[in-house]
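Once you scroll down, you'll see the structures, which are given as structure tokens.
Across the two complexes that follow, chain A remains constant while its partner is chain B and subsequently chain C.
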Partner chain A sequence: MDIAIQIALNALIAGAIYSLVVLGFNLLYSTSRFFDLGYGAIAIAGGYAVLYFYKLLGLELWSSIILGIFIAGILGFCIEKIIYRPLRTRKASSAVLLIASLGVLTVIQAVLAILFTSQFQTLGRGAGESRTFEIFGGAITQTQSIILITALVVMTALGLVLKYTLFGKAVKAIADDEEVASIVGINSERMIGIVFFIGSAIGGMAGIATGFDTGLQPTIGLSLLLKGVIAAIVGGIGNVYGGVLGAFLLAIIENLGAWQFSGEWKDAIAFIVLVVFLLFRPQGILPK
Partner chain B sequence: MEYLIHIAVLVCLYGILGLSLNLVVGETGLISVAHAGFYGIGAYVTALLLVGLGMNFFLAMALGIIASGLVALLISGVISRLRGVYFLFGTIGLNIIAWSIFLNWQSVTRGPLGIPSIPRPGIWGLDLYQNLQFLFLAAASLAIVYFISVFIKKSSFGRVLNSIREDEEATQIFGYATSYYKLAIFTIGAMLAALAGALFATYITYIDPSSFTINESIFIFSTIVLGGLGSSRGAVLGPLLLVFLFEGFRFAGFPSEIAAQMRMLAYGFALVLLMLYRPKGIWGTFRI
Partner chain C sequence: MERVNRGSALMWVIVALVVVVGGFSILGGKGGAPSTETGPIKIGVIGPLTGDAAIYGEPFRNTVQLAIDEINATGGIGGRQVEAIYEDGQCNGKEGANAAQKLVNVDKVQAIIGGVCSGETLTVVPIAEKGRVVVVSPSASSPALTGISPYFFRPYPSDASQGNVLANIAYTDKGWKKVAVIQEQVDYAVGLYKVFNQVFSGLGGKTVKEEFSSNVTDFRSVLTKLKAEKPDALFVLTQTAASTQRILKQMEELNWKPQIILDEASAGDKETLTTYKSQLEGALTSEFIPDLSNAKLQKLMSDYKAKYGTELPYLGYMAPAYDIVYILKDGIASVGYNGEKLATWSRTIKDWQGASGSVTISSDGDRVGGYSSEVVHDGKTEPYKK
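Up next, the complex of A and B:
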């Protein structure tokens, strides 16, 4: 029984991180209409920024986290402006954008590995600093509960902003049809820039959460991205709540699989989930 | 001199990989980044048969090629039904699963320890211990693969592949069962990649999972994008240029850890810059 509760708690935490990834990813996808592979590396860059400020420069925890989120956002914004926007104005095919973003992913991962080595590093300063709570016989650390709350807050906030503000309506209009949106006076280039900033900042949160929860390595950018993509497809791509549902579902299946077989097969299990969904329900659980 | 021979062998191996991936990506328009997975299957099966059973090199290589082809046939029965970006994610998953099997199926592959002391092949009593003699074998293989790929391109089969690339639905309307064609070319590509894997295993005489990661697939992919998709000449020129570039990095005196990251950095940049300024690559015939 204890094992079942611990698995449920682990799945909850992993699901929270994946939902942060998928929230940012869905936001980017709904406006730019391509699978931005560079997003995973941007998320990890946010985590590494915190590593730099918090552990190497010794800044305060919360100010380093805010700086990290900000840096991830700025990075996403700049990459969109320098690389994706010229491609979009040239009406490049989505394959070209996809390959360019594959290049972005590779470059950022390599830069992070050169700056911070490719060793595994965690963001926590010491092992004993985080308090542990007991819930029904399972253990959850203070950091993990903060991650969980952050994910829920971001999801609710994003849902509300998209539904009720002018900004949210403009984003929806661009998602429906970019040309019509610009005809009715929405500055779609500017909006996409803002969306890339917000989406990448949310991704940065996911990267930072990963750094505190399990640890950072330049190559986990890709695996974080893939989890986000899988969660997005499982939940129904472009749907805010569907993505979160997919994230938790993926986390539950992964953790059950890791308990049944062994932790090394997590990625393989995640991919089997993806392929099953692509074949039998490509529109996801909650299609948009 | 020894060093130049080493580079020439590498160019031959990556040339084979580039040509075989070009059949899938350039001629058929399927964006696949699973090539290192098949390359690895060829290398592992050949190495295990040579070390474990002491089999003849050519027999072991043939079995490695067949094994890789069978895996490709089984998998592409599933993923050749996916389109565009979903196909890409299917292939990423394939490579990650193959890599986790190399790493985690320790009773067979010895996991991260790898397989050491793989014997070099011998033909008619003439052993290929010398790198120069091995170069002849590698160059002959490259020539064979080059002719196979030109032959496929000029055949009616190749023309169907090109028409799938340009418009899959129209090709279906003309009565071609496009998913069989995709399955066939994916399998052929995987078998040729396994040939390169068998040569790699016996040339280096040691293999471990780190040679068959998703980054290696992205590297192979970027060599043919540089050379030009849909061009057999380009699929050899691209690997030639990139292999020389990276050996240059090592020559410039970077430590090997940094040199590996510089290599990633360079091909990531190459992908981004090519997409921005010349998506066709050097000799490309196909505009993605």
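Up next, the complex of A and C:
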């Protein structure tokens, strides 16, 4: 029976990374209201920042990670300021913003490829460095457990912040109606800037986790983002807990599919889940 | 207003005329190039210059350029300089076809060196054949390329040989009855799996296969499944070392340490062998290895290092790449720069001495000779001994 346990653990590991992706994505989407494709590349840029500090400069692990998260946040913040904000003040449609974000994705990918080559690189310093825990005959490594715990901590923190702080309330107000929010005195431009910083920083965590788990490549940002989008739609777009639920559900279905059918169907299964939800429950499991 | 308009309209007509006439005379001069014997000889080169497989494409381009520079420095071919036109095939059929279309129809080359991957090469050949352009690959090893076209040849053996060697040792010497295969969905891996499976099942063994598409990075559940099959060995069959490294890392995380069979694409990657040294200890593999004591190969290795500052990687692929340029040089010198004539000439290549050893091309376009088996020991490949 240990195959079922291992499959469940595999789903947990994949789900943890999807969760981080969806948490940042949901936050950005609820305020800016467009599918920010650049988010995928920003997440990977966070991973590459850690690669630079940790592996190339030889900095200490945790300070590299914090720097990586910070750089992803700053990058998201700047891109919002330089590219998305002028478009939004010109009342550009979300289709225009989507295309602009496609440009952001392409440019960041290209820059990463120039700086770090398009080769596959992993953030771990060597094989067998991480301890492995045995759980009922299944295996999970220390790094993977840390990723899982991080995802759950970020989810709880974000949920609490959005519910109980003034900032959270302001974000919700902007999500409901940006114009009315500014009329009642919320500085929506500043708020959106902060949201882009936090959302991109969470995305950076996802990119860093990916770097430790399956390794980095400039082009994996898009597939990472797509998994996050599917998780968001399945869970209920804009809902913090729904997104995480969707992420784990997606991971479980994917891994079950790989087990019961065949590994080559993994991506197809993910998109079938998306289509089924779009057709029969477009509001997701936990609507906003 | 009208006057100005008419004046500027006239201006535009003149400009258009100049462009058209000028263009014609320039293009016309170029168009006549194959018949004039003075311009440079343009040879098309297709390889994966970007993406995972760029680890082959980059040294491939360097090696080809090294040979061309040498030829040009010694007077070119019959007094004409050689010029390479590099196109990115990205290791896949679609980009390979685009590259071939451009080289055949726009640049009007008579010979194409490449592709490096089987997937690229399989789509390049039919396009080149239509344009009567000869194609020669240094490393595409899929059995599907054997006898594919009279316009194609390769100074590299077919995977039929690699699959054969591996399956025979696995079953007969090692006594493995059940081999799990994790296979990337690319032409190279499909072709090699087919041969391996055919020979291995023919001997009485059984294979269990899981496939994955090239963009997959999480192999855990597929590996979990294969582990539960309790195979005697796992055949890691990928196009590039990147996937192999991910698979090995995730196997270790799953606490699975089976006997391993590696394809030549990963066995040729030094980084994979040294990083995953303990997991790969004793792994069975096979490579097409040029003879290291060959003086031409030694010269190529030292020249490459002097020019590019790094060691020449993937000797099994790069030595043939280097040889191809000189083979084409000899071909052009004897029959002229003409795809059709070069194609016929290619079948007469016999005991041609190059950096990859003695090259003989059989009537189906393959190099005569084959793979030798190896084992991984202490992060390096060694010849296999029973």
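The criterion applied here is as follows: the second predicted complex is superposed on the first by the 282 of 288 C-alpha atoms of A that agree within 3 Å, B and C clash if a C-alpha of one lies under 4 Å from a C-alpha of the other, contacts with A are read in each partner's own complex, and residues count from 1 in each chain.
Please note the rule applied: a contact is a pair of C-beta atoms (placed from the backbone, for glycine too) under 8 Å apart; a residue touches a chain by one contact, two chains touch by 3 or more.
Since the structure is predicted, the reported quantities are computational estimates derived from the model, not experimental observations.
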Side-by-side fit of chain B and chain C on chain A, or clash: clash
Which of chain B and chain C A:Ile99 touches, first, second, both or neither: first
Contacts of A:Leu87 with chain B and chain C, given as first, second, both or neither: first
Touching partner for A:Asp267 - first (chain B), second (chain C), both, neither: both
Chain B versus chain C as contact partner of A:Ser118, first or second or both or neither: both
Which superposed partner A:Gln144 touches (first chain B, second chain C, both, neither): second
Partner chain in contact with A:Asp176 - chain B first, chain C second, else both or neither: neither
Chain B versus chain C as contact partner of A:Ala258, first or second or both or neither: second
First, second, both or neither for A:Ile13, with chain B first and chain C second: second
Chain B collision site on chain C, chosen from 6-14, 60-68, 78-86 or 114-122, when both complexes are overlaid on chain A: 114-122
Shared chain A surface residues [contacts with chain B and with chain C]: 113, 117-118, 262, 264, 267
In the complex, chain A residues that touch chain C: 3, 6-7, 10-11, 13-14, 113, 117-120, 122, 124, 126-128, 130, 132, 134, 139-141, 144, 210, 213-215, 217, 220, 223, 254-255, 258-259, 262-264, 266-267
Residues of chain B touching chain A in the complex: 31, 33, 78-79, 81-82, 84-86, 88-90, 92-94, 96-97, 100-101, 103-104, 214-215, 218, 221-222, 225, 257-258, 261-262, 264-265, 267-272, 275-276, 279, 288
Footprint of chain B on chain A - complex, ascending: 34-35, 83, 86-87, 92-100, 102-111, 113-114, 117-118, 219, 222, 226, 229, 262, 264-265, 267-268, 271, 274-275, 278-279, 282
Residues of chain C that touch chain A when the two form their complex: 50-52, 54-55, 185, 210-213, 215-222, 224-225, 227-228, 242, 245-246, 248-250, 252-255, 275-276, 278-279
